[in-house]
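The data blocks that follow each hold one structure.
In the two assemblies presented below, chain A is common to both, partnered first by chain B and then by chain C.
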Partner chain A sequence: MESKTETEGGVPEWAIVELQGLIQTKKESLEGPTVVGDLHYYSRNHHPVLILGHHVLNGKEVKLDQPMAVIEKVNASDKTEYKVRAVVKKKILFKSRPKPIISNVAEKV
Partner chain B sequence: MSDFPDPDEEYELMYADELELLRDINESDDSNAVKRKQLPAKRSLDFSSPVINKTQITQGSNDIVSFNNSQPISQSLQPLDDYLTPKNASNKRTADDLFGDINDIDFEDIELPSKRQKTEEENDLELINRILESRKLKQSLLEPSRVKNDFQPTYLSKENLSLNIPRWPFMPLTNSDGQRIYVKLESEESWDSSLGITDQTSLHSTFAKAWEEARRVLEEKQNQKPEEAEQPIQVLETDANNNLLLEKYRPQSYLDLLSEEPVNRALLHWLHLWDKIVFNKEVKTSEPQQRNSFSKRTGQFQLTNKWKGKKEVEPEIDEDGRPHHKVALLCGPPGVGKTTLAHLLAKISGYRPVELNASDERSVEAFRSALQAATLMRSVLDKDRRPNCLILDEIDGAPLPTVELLVKWCTATVAEGKKKAKTHPLRRPVIAICNDLYATSLRPLRSVALVIQVGGATSERVVRRLSRIAAGERVAAAPRTLAALAARAAGDLRAALHVLALVRARVGAAGRQLKMEDVENAAIGTKDCHKTLMQALQAVFTVNDQNPDEIMKTIQAAGEYDRLVDGIFENYLSSRVDGRLLVACETMSWLRLHDTVSSWTMRTQNYSLYSLLPLCVARCHAVLATRTPLRVKFPMQAQEMYRKRQELECILQSVYAGCAPSVALSRNSLQLDVLPLLPYLLSPKLRSANVQLCSESERRSLTNCAAAMCDYGLQLVPRRQPAGLFALELEPDVYKIAFFGNEERARPPPALRQAIAREQQLEMIRRNEEMMTKGSGKENTKEGKLKSDKEKSKEFMEARVPNHLQRLQPKILEKKSQQVHKDFFGRIVPISQVQRSDAVPDVISSSSVFYQYREGFNNAVRRSVRTRDML
Partner chain C sequence: MDMNSGELRTPEDARKIIKTAKLHESELTEITQILRFPKPSEKNDNLRLMLLDTNLLAEIESGNELVFKGDPDENVVLCTSNKTYDVKEAETSNSLLLVPDLLLGASTSLDETMKNKSMECDSDSSLDKSNASLNKSTESDDGTKTPRIIQHKDIINTFFTYYEVKPCKPRLSKLRKLLDPTKFQGLELEYAVDKSKLLNYDAIFDQTQASRAELDTELEKIQAIKIDDYYRLLEFDYEFRVLSYMLDLIEENSWPLNRISKEITLESLKDLVPSSILKAMFRFYTKEAVVEDSVQYYQYKQDKVCSFLARVLLKSAGKFNLAEFLQAWRDSVPEGMTTDESLLSGIALIDKTTIPQVIWGFAESDLPEDINERFKILFQTRTKWTVDQISPYIECYATEKMNVNALLTKYARASTQDGVRVFSAKHMK
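After this line comes the complex of A and B, so read on.
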């Protein structure tokens, strides 16, 4: 999993989002871009929080050992060139067990 | 014996016996053929000569042909050589062998013959003659009185002994070979006359005379003794009003002690071992030499093995400078002077004795405080400030926790003492005194203490002391009287002194002499020692010559007549040879009387005849007592049998209680009729333990067995064996009732037991099911009138479903009726409205995406991704 943008000297910096688990959908087919979840940072300690479905995942930022570049291959008519679209220096790791969000507490019985 | 036969004659002498016997054993009257032998006494049985005769006969018959004079005599004849005078000069033995020690003969005037001058044989002969002569001379010089008797009657063994039944009067004897020998009987007069013994020289008369004289001398000596006794004991003037002789004549110095010297020394030595820690003096660890020899010599006293054993291996002083044994334990019968000894020796060694005895409180707390006071503190009132020495008198009466405290106190070392504030190392000697060394409360103390056994003083010393005291008290008493007093006290000096005081009080007014009757009539003073059961039992089976009436006292001292009778009953058959059972009959009659009286006493609680019981035992003693020592066994059988019987009754009771109503019988018939035969039913004969392989009849017997076990409530229970394995055992064990002792043979083998156990469990299940169906069937018949037959049968069928096939059905929940919402005024609010009001658009729950967490580590599988794969 990947992506999140940030700018740094022209080249945007992305981050990899690593999840321990699967993101599944109830719908059979996906048409167009779908909102997967919301990624937040706690204002206090800058820890990332991912809200995914009815789960809250607490994660942390990990610096990658080797930075990576996201490159796009552009096929011009005569020559092929690669464009660096982004730089990846860190990943956001969610490996702890998610906490459920109980949104709709049942009515009084 | 002065004249010796020449070799030829000698040969004849030697073998004449055999030759003669070979020719005709009994016939000869030939005096030539007879050894010159003196019978030692008329009736003394001399088996040696016939035995030798016999061996000689065989030997002679074998060797007579080849025998010649120079041949060495075979081994079997050698006893004879010692017996006969030395005739076998041909034998190459030294003079020493023949005559024993010849050093007593002065050889200076007997010039030893040189061997070259004569033949060896002749030399020897001459030497023999000379030795014999000189010895005889010497003897006659030493004991001139014996010269007269030296002519001794010659007795011919040929005439007096015979192998066949002789014509003269005889006494038949059997020698060790089983051969019958006949010894001639002679009248005593003829014997005496033949010996030439007169009344003056007879042993008896001289003995009696010497005895009289010795007695006179002894009595004189004893009479003198009081006067010449060391010094009259100094009487303490301070307590003049104290009339107790015991206090008055308490020993004041070491020499006054009456107890055995080794005992005194042992205790004193131990006390001196404390010197280093108490007085800061070096202790000589080398022991006095005498002590050892003393204890060896006097058999009566001995130090315990522990002391003796540890003496070599362990040092007597431990690393703290204290003796190895922190406590000395004096034990002995009452009144022998243990307390006196402890006090005196403590005083001698420079301590201040602090006594704690049975009259003081001996709870743990009180004891601890006393112990602390005695061992850690020092008297300030005493002018010379001596250290304390704690003397715990009668410690065997103290409770066990107290003794344990003492042991803990003693065994605490310095190192431990530093750590724990409560226990301090013992720094002062503690002497414990007890009567019974083997009291249960003393068990912990025995192992750590130096055990010194104080025996009673010997009778002579007691007599001497008594005579001194009597002299000091100005009581005239004959030595015989005092001896009787001492004997009566049996080493108990305290008792003896009490008797003396009592008798003096009675007699003193009259001012006459103390007489024998006074001592004997005094009711007190006999040792009131408690006799144990075994002592009494031993006394019953041994003849007491000195004091035949003692047995009554012993029996009464022992008490426990029942146990005593048990002991007699267990031992009476082995006490005397009793071919016609007369002794047994007599004993049994007395025992029966005892039983009758005893049971009557117990039944009616009327003790008027109780005093008859010891008489029965005493009568048994009269019947059974022997002189041969009998190893009496402790009466255990009755107890054992009683225990066994209880066990069997328990088994019977549990079978009786556990058997099914269908087979219920009376207890008696169960015991007598059923149980003896039940084991045969319980051990079916199967060829193999595998039931599948058994024949129909075998299987049936197995089923029968299981059914019987169910009926009588028997079970095979796994029980751990001593070896560690588990084995099935019958519970309750009817085999024990059915067979007495040899029940192990009748039990089925272990493999078969398992088969039986399995079969029995199956049988039990079968029966339970049966019971259940029966029970439900009955219910049905009651309700059945209301129901149709079909229903009934159906229900029956349902009920027939066995337990293990029945399944639990889930209980169906009732559907709740829809809840009706009402508003404040009680009007029913439609449901749709209610739901609508609550239906907040919920982004989170309605989101189509959800997350499925995978447990585990996400770095479990690593895969390298290359750039080129992405391009």
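After this line comes the complex of A and C, so read on.
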């Protein structure tokens, strides 16, 4: 088995949002995208804050110790090729415990 | 609170959520990124994450090709043009959400200059400002004061695993096995070679877990010769035959050892040895010597010639009287070349405790590949080894991180015998 990775000139840079545990959505729409949460940054220090369902997560922008490549498996005729779609050099890390939103008036959005 | 309805958020939605979450909009930058799982058909399951080192990143950024290699029964490796990496899958309990075009903090603020100013502020005034904005935010809950821009960003996939890569030695032991079945034994025996097993460069490259540069070095090292597009090893007896033809020319032409003529060697033997083999053999066994009247002369690599001729003598099984062997060896090499016992390391073992002293062939290439098996055989053959004695048999496992001494510490037991450090089997039986 032999396979190749290729880049097409300038490689885009993507980012990773790292969360503890996993996200479960109540229902996933088959027709369209499913909203996960709202990502904001504080103006003051650019720390990210993610509103995820009933939780608020405070995070940090982190430079990866080691950058990552995003590679995509492409089936060529006799060989399996991987294309480098992007590189990831930074992530937004949410490692603190999510803070529940305590609200007396549950608002429908 | 049902966050899942509707695929497109409006600034109003975002403001309501900010408020519900008890955050203050005025403290946030103006762009809200709505993270979404794309509809299932757009999720890309063919993506993988792979950690890079600086070298791999540079290779990727300059658009060079990387190659994954491995048969189903081998651990996959990743090769650049000149390096090999071990690839392992690692797991994380965190979710890694991969988001193309995600904006990081610095790029979500509309007014960069404002931001820079507030960053420069000392903490006191920054606090003031933050208080001020807090008040403002309570006043302006209807959200008309500050613009809010909504950008929808799709999570192209969520990962719990990624590949780790680690520079490793190329896995080249397979190379000999690939080439062994088609050894060249002389033109008269070519009919017996299974032509379907002949391998060209691409076939060898595909099957060997090494980069091109590493493979090329190894092919030269094991003396693989390109004959009619296929890479072939020379059978030992045939190599001896060709080397003998070549060495005989020294005496025939009364050449001094540093006045070997390549031209005459190739010309004299052209009817006896195929040209590709002759040229390769000349390259393997000689090095450049003097230039006279703009003619390049060569000399044979004394150590290589002597070692090979020692192997010829030791080829028959069994032990030899050391003194007799050394005499026969001296007689077998061209006049003027000096044999030295040190050249026998990795080829033969000498026992000086017996009367008479004996020597027998013990070649590194004949030992098992598996390191545990190999140490077992080594300690069965001889219970105590010095570092110098054992090194040639285990050097092939040494890496930058683990040298021969470290290998011995791991796989053997050290002790001192007559003031000399020796190594024996780790577990006594």
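In this text, the second predicted complex is superposed on the first by the 80 of 109 C-alpha atoms of A that agree within 3 Å, B and C clash if a C-alpha of one lies under 4 Å from a C-alpha of the other, contacts with A are read in each partner's own complex, and residues count from 1 in each chain.
Just so we're on the same page, contacts are C-beta pairs under 8 Å (C-beta built on N, C-alpha and C of every residue); 3 or more make two chains touch, one makes a residue touch a chain.
Keep in mind that what you see is a predicted model, and the values were worked out from it rather than measured.
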Touched partner set for A:73, first chain B, second chain C, both or neither: both
Touched partner set for A:98, first chain B, second chain C, both or neither: first
Partner chain(s) touched by A:43 [first = chain B, second = chain C, both, neither]: second
Which of chain B and chain C A:57 touches, first, second, both or neither: first
Which of chain B and chain C A:22 touches, first, second, both or neither: both
Chain B versus chain C, judged by how many residues of chain A each one touches: C
Partner chain(s) touched by A:87 [first = chain B, second = chain C, both, neither]: second
Which superposed partner A:33 touches (first chain B, second chain C, both, neither): second
On chain A, the residue positions that both chain B and chain C contact, one per complex: 18-23, 25-27, 34-37, 51, 53-54, 71, 73, 95, 101, 103, 107
Chain C - residues contacting chain A, complex: 1-7, 9, 13-14, 16-18, 20-23, 27-29, 32-40, 42, 44, 46-53, 56-57, 60-61, 63-72, 76, 93-102, 104-106, 108-109, 114-115, 118-119, 126, 130, 152-155, 158, 162, 206
Touch list for chain A against partner chain C, complex: 1-9, 11-12, 14-23, 25-44, 46-51, 53-54, 56, 61, 66-74, 82, 84-88, 90-92, 95, 101, 103, 106-109
Partner chain B, residues of chain A touching it in the complex: 18-27, 34-37, 51-55, 57, 71, 73, 95, 97-98, 101, 103-104, 107
Interfacial residue positions of chain B with respect to chain A in the complex: 838, 840, 842, 844-845, 847-855, 858, 871
